[in-house]
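For reference, chains read A, B and C in written order, and residue numbers begin at 1 within each chain.
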């Protein structure tokens, strides 16, 4: 009796395996067909003989929830314009899958890149894994500011679509709390300090910071750096020596915000999500966060305002940082470089950018894009785009020295926990810069 | 037997601890389910506090808009196929190691442990090239093969049980004229069923939650699995909090049912398949 | 054919051996060889012999990270062996004896396994946060408001919080193995115990535990391997740098940081020119650390079996 049951069980097992195997091979069959379809067309490609070309495009997996909707529309718009091209767009690109594809020569026709924000783009270009796009005229250079064009370039050649937006870190504030204490969005550095002091004296935690997150504790200094020493950031970017007194002033300011209790007592133990929840639950009056987080705050139904960090020179600063939502490159292994370049060209166009804008509400850097709503107008209420401290530090990096990593992993945590002073932080930085 | 009353007394304190642990766990999971029923805005601006409304809206959306069942079927297929293969392969290897004596047995045993000792993310490139050569990219077979090759832990745990099984059973079966294979799958394998089922449980969790291999090998949407869809929302957790919580709950239910079936089998073990020494 | 007939074990060994060798061992060996190269993961590789190993063991910065991560991994291992495994055995024993509510325990104890780590951490944030956490609200209500803390992130308890989370969510795995092992123990020896009048706990220590020695040793080994390779809780709680002052850093996270960390950066970032080379080196060192202990374990088990 027992034996019969067991035998039945095993039979079922074997049957399932057989079925599974059949299922798999069927899966392969389908795939192979698609694959050979791709492989057979190169000769016919580019000839534009009216034959339909399928382009494989990879989107950013980590941001699938954000980009899914706009890219669906962008791809539809593109295919309507180019009936001979079909876009097979998959959110399959992660750091891992890209590395594997680069090594295995299985890159899709087009995929998303971070332009000059990451040395990876240059590395891929120099290893001839992505192709220069100058001959395909993918960018209408008259529409874009110089920074956007530079974003796409490696060694003077264009390798990706141009960004139509930019991002920066700013301050979100709770209007109800501000009203309660008769405060207004500050326009100068002194006003900003006054707002902070008023809140502290009223026992309200002024700003939420996630001290336990690598980047959450970094945003404050990205905002402070241009607001306090923009000139020095430019010098560092251009490879000139830094002014130690002023660099120390920046680090000391970062530390003094902790000492004066502007972040509350337990922020070191909070991560970025806890900080965001503290702000959305009305426990703090402000939060340092990027323009990219706007949709989180917009959903809360709270009365929220935004301002760019006012500098000591009386100017409100944004920081450089191109938005990479629409910047894509064409891989060297693509069988249809012309069509892929056509797609990349479309991503640079006002039409694609407008779709992205209407969906996500970014800050346009191109004049012919209509901002989504008044919030985006509020985002644009800064006076000057300052340097991004991370990029300034990266620019000073060499093979041996990595000041930008040191800033994130050593200097900021130690300043935040009051283990070093601003002057010591400057010495750590100088020591790193001296490594050649 | 006098066991019952005496068992009750001495087990009370330990049971109490188990009760506390279980209640805490149920509370945590309940809090997860509760929050998954809330509106996103409410959850963000009134995190601790009475909800404005509770409803299954997000759950409904997961099936209508996000086609969750589609990813679910992919995952289920991969799970069943992998589980069957892994149990079969692992118990055969463990049987060979436990039942028979041969040269270099220790070395072979060690060899089967290697798989546990290296970060999987590092070996992925050679594996990918291998799959490319076998033209198995973007097919379920790639993921199933890679995952069912991960037999290190089941082999380690099963070997001892086959070794401990009384030799008389094996010998009498052979004397009865049963082949080596028949003896294994008709007699020895069923006898190990409590351990086999506990391995089934642990492996199904690993397979079900595995996102790295599907991420690399199954790149198109129609092949994607449940963990990838959960990751889609958890990677932007604050923005899609409602969906992240909901997706985690739905992803849990089927595997929980599977768990209950298997764990029932383990408890059955002593009644039907227990070893008679 | 007679070759196989004489060696019937080959029939059972070969299918698993082939698939395992192809899809598990070969990739490991291939990846391990990268540690002899200087490679950023994209460009050309340069063979440099043992230079990566020399760099790892001579750089004070890398070594201090290494020892810190190693110590944290060992802390997780020691605490799990000393605390979690005994409790798992007792829990399995209770369920094995079908104490009141055993069916409910079984499901409750195992279910955290099924939920993805980011969501587990997020739910604990919702429970333990200083502003919106349930636990702290309860503290306030009972008049202990001064003890309100964001418990999940307190740097001084960092690695212990990681350990608690791992233990809570992984508790069921070990328990289910112990339960399976208990079910394999023969009825006769259990009944002999009853006849001897051995009590509830005595039966566990005198009859059951001795028969489960190998399972327990195997679980200790698996715990060791897991504490050396676990990564996600530390990563989610402390980011790629492993928390302020690396307080939640573990071995696998250190490997990840060196091999992939710098390029996974919302600011873009620079890829490190030897990320993959040095990352593989860390992985190989980690491998040796695990391998040596495993050899010891197999030797221990083997010796026992010979005696028996």
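We adopt the following convention: a residue touches a chain if its C-beta (ideal position, glycine included) is under 8 Å from a C-beta of that chain, and two chains touch if they have at least 3 such contacts.
Per UniProt, the chains are A = Extracellular solute-binding protein; B = Carbohydrate ABC transporter permease.
This is a predicted model, so every value here is computed, not measured.
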- Item | Most remote chain, CA-based centroid, reference being subunit C | A
- Query: Looking at every pair of chains, which two share the most C-beta contact pairs?
  - Reply: B-C
- Where the centres are mean C-alpha positions, what is the separation of subunit B from subunit C, in Å? 16
- Query: Just curious, how far off is subunit B from subunit A if you go by their C-alpha centres, in Å?
  - Reply: 35
- Item | Centre-of-Cα separation between subunit C and subunit A, whole angstrom | 33
- Item | In subunit C, residues with contacts to at least two other chains | 122, 129, 132, 260
- Query: Of all the residues in subunit B, which ones touch at least 2 other chains?
  - Reply: 47-48, 121, 124-125, 231, 235, 237
- Touching at least 2 other chains, the residues of subunit A are 96, 99, 103, 273, 277, 281
- Considering the complex alone, what residue numbers of subunit A touch subunit B? 2-3, 6-7, 9-10, 13, 16-17, 20, 23-25, 27-28, 31-32, 35, 58, 61-66, 88, 90-92, 94, 96-97, 99-100, 103-104, 106, 273, 276-277, 280-282, 293, 295-296, 299-302
- subunit B - residues contacting subunit A, complex: 40-41, 44-48, 77, 80-81, 84-85, 87-88, 121, 124-125, 128-129, 132, 135-141, 144, 185-186, 189-190, 212, 215-216, 219-221, 223, 231-233, 235-240, 243, 272-273
- Task: Enumerate the contact residues on subunit B facing subunit C in the complex.
- Result: 1, 3, 6-11, 14-15, 17-19, 21-23, 25-26, 28-29, 31-32, 35, 47-48, 89-90, 92-93, 95-97, 99-100, 102, 106, 108-119, 121-127, 130, 145-146, 148-153, 155-157, 160-161, 163-164, 180-181, 184, 192, 194-195, 197-199, 201-202, 205, 208-209, 227, 230-231, 234-235, 237, 244-245, 248, 251-252, 255-256, 259-260, 263, 266-267, 269-270, 274-277
- Item | Residue ranges of subunit A touching subunit C (in the complex, touch as defined) | 95-96, 99, 102-103, 114-120, 123-124, 126-127, 129, 211-215, 266, 268-271, 273-274, 277-278, 281, 283, 321, 388, 390-391, 394, 397, 399, 402, 404-405, 408-409, 413-414, 416-417
- Item | Complex contacts: residues of subunit C adjacent to subunit A | 40-44, 122, 125, 129-132, 149-155, 237-241, 243-245, 260, 262-273
